[in-house]
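One structure, as structure tokens, below. Some questions next.
Order of writing sets the chain letters: A, B, C and D. Residues in each chain are counted from 1.
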Amino acid sequence: MAEQIFFYFFAALSIVSAFLAVTRKNPVVSVVWLISCMFSLAVIYVILSAFFLAAVQVIVYAGAILMLFVFVIMMLNLKTGMVGQLRNLGLKFVGLIAALLILRQFYSAIKGAGAMTGLPPRAAAGFGEAAAVGKLLYSQYIYPLELMAVLLLVAIVGALVLAGKEQS
Amino acid sequence: MIALQSLLTLSAVLFVIGVCGFITRRNVLIMFMSVELMLNAANLAMLAFARHNASMDPQVVAMFVMALAAAEVAVGLAIIVAVFRRRGTVNIDDLRNLKW
Amino acid sequence: MEPLAVQYDILRWIVLSPLLGAVVISLLGRTLPRKLTGTIASAAVGVSFFIGLAAFIKLKGLAGHGHGEQAAFLSDTLYRWLAVGGLSVDVAFAFDRLSAVMVLVVAGVSALIHIYSMGYMAHDKSYWRYFAYLNLFVFFMLVLVLADNAVVMFVGWEGVGLCSYLLIGFWFEDPEKAYAGKKAFIVNRIGDFGFLLGIILIFWTLGTVNFNEIAGQAPAVLVAGGSLATLICLLLFLGATGKSAQIPLYVWLPDAMAGPTPVSALIHAATMVTAGVYMIVRLNVLYLLAPAAMCVVAVVGAATAIYAASIGLVQNDIKKVLAYSTVSQLGYMFLAVGVGAFSAGIFHLMTHAFFKALLFLGSGSVIHAMSGKQDIREMGGLKKKMPVTYWTFLFATLAIAGIPPFAGFFSKDEILWKAFSSPQGHWGLWLIGFAAAGMTAFYMFRLVFLTFHGQCRADEKTKSHLHESPYLMTVPLMVLGVLSVIGGFVGIPEILGGGNGFHHWLAPLLGNENGAVQVSAGVQHWPHAVEYTMIALSVAVAVAGIFGAWVFYIKQPEKPKQLAERWPLLHQLVYNKYYIDEIYNVFIVQPIKLTSTFLLWKIFDAGVIDGVVNLTGSSVRGLGRVAARLQNGYAQAYAVTFLIGVLLLIGSFVW
Amino acid sequence: MTGFPSISWNLLLPQIVLLSTALFLLLLAVIYRGGGRSRGATVAGAVFSLLGLGVAAFMALAQYDTVADTFGAMLRLDPFSTFFTLLIIGGAALCVLLSVREAGGLKAMAGEYYALLIFSVLGMVVMVTAADLLVIFIGLETMSLAVYILVGIGGERENGAEGSLKYFLIGAFASAFLIYGIALLLGTTGTTRLDGIASGLNLAEGGSLQLVAVALVLIGFLFKIAAVPFHMWAPDAYEGAPTPITAFMAVAVKASAFAVLLRVLNVSLLPLADYWLPVMWTLAVLTMTVGNLAAIFQGNIKRMLAYSSIAHAGYLLVALASIDPAAAGVGNDPAMASVLFYLTVYTLMNVGAFGVLIYLGGGGRQMETLEQIKGTGFRYPLLGVAMTVFMFSLAGIPPTGGFLGKFYVFSAAVNRGLISLAIIGVLNSAASAYYYIRVTVQMYMRQSDEQLPGLPFSLPLAAAVLLALYGVFQLGIAPSDLLTAADRAVLFLR
């Protein structure tokens, strides 16, 4: 019961935070709301017994990724919103309608998945803990893991190439 | 008991909020943040299924998605910085030298 | 009955020899002396001709040695080109009775024109390039006529179009000529689209693209008169109208006269433009299964014949007259195949190749002498200065006018007779052909009289340069002159005491003759008197045409001017080619432009239109505002388009 | 819980070689940056890239006939994957040849340029070898990130950064859809393995969620091949990118995405053929038509080729719409084999066309628009001839490979009774001749307004153009070897 209350509270919080994150004028405020959203999700992860992932969510997303956003916003000195007139309002309106229709499609598909209703009452021991994730990562998923290392290397090189000091 | 459908609905709503943010905001940084939101929605769906199917695989995949998000952010922000240096703006509406 | 194929390995050299010539010339052409370049090119085509002759003799021998007289042919398979999923296409050549005629005509006339070109182009700065293109053209043309399946034929078909494009635009510096080349190319693409679809449909219905197999299977598989057979034939005919300059795709041919004159003779008179006729005769079994399509062919042919002839009446450019005359004569050939007289079509194709090549080469000789002037109003009296040109030109003119016993008489007469008498014929078709014959005689003799008779109207400078052309040019003229006289003797009709050998030679390949396809209506037997009357009538109309021209242009040269004054509107209309180019522009080119613009702007890539909108000015700017909603350049517009795609794709999956 | 998967290292050799090459190039970049010798970096980078690609190709060729799984069947090596590995490496090698001048302009960044190029090749090879959606996804992202950066590399170009940003933003957006699809598919079928997905599909129970998932996954790949309406990023990214990278995107990125699409459709989604075949039909028509119509209006040749590459994706989608679900894995399906053949020809003719364009730009005078190339055909005869051949091949005129590719695709469509689709396709290709021919017309039949400069000879560029020229003719005149290989490759697609 408590689980349910927690879930609904944080679900609501995450939706509100997400909504505020994409609607605030000031990008810094947006980032703050996004952090709030990610924290809420981390709580939900815990409810889903994904303990390790919840930790990673906080550390990587809130701690690293969003801080990077703040850093760039500060560096480019973009604390205020955009100036100048809004363009393509009709187009954006069409986009919003399309997005809502897609949500409808998702929702009816989710509802249509009738047979799978409740979550199992209790996860197995050790489910979602670091050891379980780590074991899989370093055995069955060793190949994608190595690839991910390459991907991160590409990202580092790329960031250097693009944003590194221009050579004169 | 939390229904799987509630979790998936939450994830779908977050995903679509991300989509809406992406198509409406002019600030490329916020557009980019919206993409992060969409990725989070996908992760939520994954973890819900992990719990529901009592399978660890979706959790591992979610892990990969987070790593990917980190890589994407590094590159994306670098591109944004490069654009800002050249054009002095992060307003997507002002970036239309390439068209037609 | 499967025809008997006899392997004959040297067949491939008919085709490869000009290709080799083209390669050698394009690699070494810069360094070789001019004479040698021309000789290599001519020799390469000569080799093709003589191998063709050898193959012809061999084929005749086969026919006489009881190998099943019906359908023996020589074949040479190089390699398997594609073999996938039930479709196998070989690069293979077949030398049967039809391709034998075509090879000899194509290679023979080409060789003569090559020799002529050595004289005509002697001072051109891009001599070697010209010969390389010319050899390449002959290569593709021979591929076209020797192909044993439709796909290889299509390669030749596209190839000749390509070379024609290169050769029309030969003097690239002139933008008008470049435009003519482009026009030819694009009009031909429209036709080729039909041809390719026809081939794909044939493959789909018959499971093969090999001509022999098509002929063997079509009567069993396709319903005679069925819509599928009709569709295939109409698509193929669309291809033919493009290549052979029939209504409505004839517009490119008169403009194609921008190319050097020997090119006009080779490509736009003797060989390439007849490819459409050849293709229909090659697939005659299919056409016999589609009477409706044949009717279309006949009507289009007849309409083109008279329409082009009427434009030819008033043209003043010597090459333009010949160009319209070519379109008109091609119309005759389609009239013939349209009424099921396939052999008559090929017969006329052959004689036309002789006399029309001769006419073009003769006009080239005149233009050469006139220092490049082409307007017949500035000519006159050239008879004395250029006797060889004059006499050969006169023979060819008699041939095209249909005066016995010149070559054109026999072939044209057979077409007219068949248009009248064959089961698919109609007296109306005959009447049109008959009228066109009179017009032809008139405008051709108008050309002869204005060019060679009367007083010379050229300025002094041009006059002083007037001379007969060198031997390299006159010898081909004489050879073609002889052929224009005697070329018709292979097909003298039975009623005039001949054996109509030409018809019997081709008969085994023709579905209505060998019984592969039963032609619906029974053959009606006409009394001899009718046939004699028809012959007399067609000779009479030709003579009348000549007489008319004589009256107008020799006896009373001021007559045409009077006519022009009396009916100025009519003269204007005809003189401006019925304003057909303008009508095309307004009704076809512009609407296509507009439609594509509209579609793009309204539905897809609105940004493209922004440019168009800006160009067309403020009148459309109001509409442009709508377009601005989807303006390209805005990344979010891309995202919205993407999103709509997502919506529709999911929608198509879920609902 | 499964243990550590068995690994056959030798199957990984091409990937290991590519990875080592990329790492070595990074090292090289550091060394040269210290010395400030930009020319050395350019040449050495190109040489080692080619060397690495060559060795990798050799390794792949050596195991051409191998059919094996490794890493717990996350990778599947078969003639299909090897065919594409070789195609991608070949295309990349040609692009390296095209890059020499461009990389020279990057000065100190040249090393990174080549390293990123090889990294993205590695990503593509992973994509085409993978038998697991997760691995495909990571390969795809490796490729994409590297290409995003390459589009924006070098500060001098006017619009590089803008093209890169647009490509990146829309690309990340599309990736999110793909991930969401993978998440739903993983949840509903319990696996990311391609064959597992096929058996996990169960339309009776929770079917619509699976269908949504499949649609989202397909969208992710359709984005990469620039199918309309997921195409709008392509012209901007192509125009903004350095020309060799444009070529690279047009050929290698597209080829690898098509490989994945073929594999996913055939291995995982065959039970849903009734759903996706009509979708492919519609997309094919849209993609061909929009690509061609838009290309007609372009004055910039690079942008024109971008739209043309969209149109070509449309022709390839015709083949996808003609796949015979009954023939998959049992008999040879001309539709699928035609994709392989077409992509090979397409790679050659596109690289060739871009190569000529790059070569023309070598005289210190910009050569990107139809205006600028006026009269170049006579000034530079060999380039003129080569460009003409490539344009004719793109327009599908025999005897070039482009004609056979189209013929093959359209006859596959007719073979399946999709006559209207074939008619639309042939009409499109007839219309496309208009804008391809215009390039030739401009080169040969218009005078240049100014004196055209002499072009410095460039061995790598000339080599790339000549190789492409040879290939276009070879595939038009004697294509049987490649056809056989393509036929055989698709047999293993299951």
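Simple rule for what comes next: contacts are C-beta pairs under 8 Å (C-beta built on N, C-alpha and C of every residue); 3 or more make two chains touch, one makes a residue touch a chain.
Remember, predicted model here, so these are calculated numbers, not experimental data.
Touching subunit B and subunit D at once are the following chains: A, C.
Farthest from subunit D in terms of Cα centroid separation is C. Note on chain placement: the centre of subunit A and the centre of subunit B lie 6 Å apart, centres being C-alpha means. Measuring from the averaged C-alpha position of subunit B to that of subunit C gives a distance of 63 Å. Subunit A and subunit D, compared by their mean Cα positions, are separated by 31 Å.
With each centre defined as the average position of its C-alpha atoms, the distance from subunit C to subunit D rounds to 41 Å. Residue positions of subunit B touching 2 or more other chains, listed in rising order: 8, 15, 18-19, 22-24, 31-32, 43, 48, 52, 57, 64, 68, 71-72, 75, 78-80, 82, 92-93, 95, 97-100. Multi-chain contact residues, meaning those touching two or more other chains, occur in subunit D at positions 134, 138, 141, 145, 148-149, 152, 155, 164-166, 169, 173, 177, 188, 208-209, 211-212, 235-236, 297. With touch defined as above, residues shared between interfaces to two or more other chains in subunit C number as follows: 605, 608, 611, 631-637, 639-640, 643-644, 646, 650, 654.
If you sketch which chains touch which, every chain touches every other chain without exception.
By the touch criterion stated above, subunit A contacts subunit B in their complex at residues 3-4, 7, 11, 14-15, 18-19, 21-23, 27, 30-31, 34, 37-38, 41, 44-45, 47-50, 52-53, 56-57, 60-61, 64-65, 68-69, 72-73, 75-76, 78, 81-82, 84, 86-88, 92, 95-96, 99-100, 102-103, 106-107, 110-111, 113, 116-121, 123-124, 127-128, 132-133, 136-137, 141, 144, 148, 151-152, 154-156, 158-163, 166. Every residue of subunit A that touches subunit D in the complex is listed here, in rising order: 105-106, 108-110, 112-116, 135-136, 139-144, 147-148, 150-151, 153-155, 157-158, 160-162, 166-167. In the complex of the two chains, the subunit D residues touching subunit A come out as 1-5, 19, 26, 71-72, 74-75, 107-109, 112, 115-116, 119, 122-123, 126, 132, 134-135, 138-139, 141-142, 145-146, 148-149, 152-153, 155, 164, 188, 205-209, 211-212.
Put simply, subunit B touches subunit C in their complex at residues 19, 22-24, 31, 92-93, 95-100. Taken in their complex, subunit D has these residues touching subunit C: 165-166, 169-170, 173-174, 177, 208, 211-212, 214-216, 218-219, 223, 228-230, 232-233, 235-236, 275-276, 278-279, 282, 290, 293-294, 296-297, 332-334, 337-338, 378, 392, 397-399, 403-404, 407-408, 410-412, 414-415, 417, 419, 422-423, 426-427, 430, 433-434, 437, 441, 444-447, 478-480, 483, 487.
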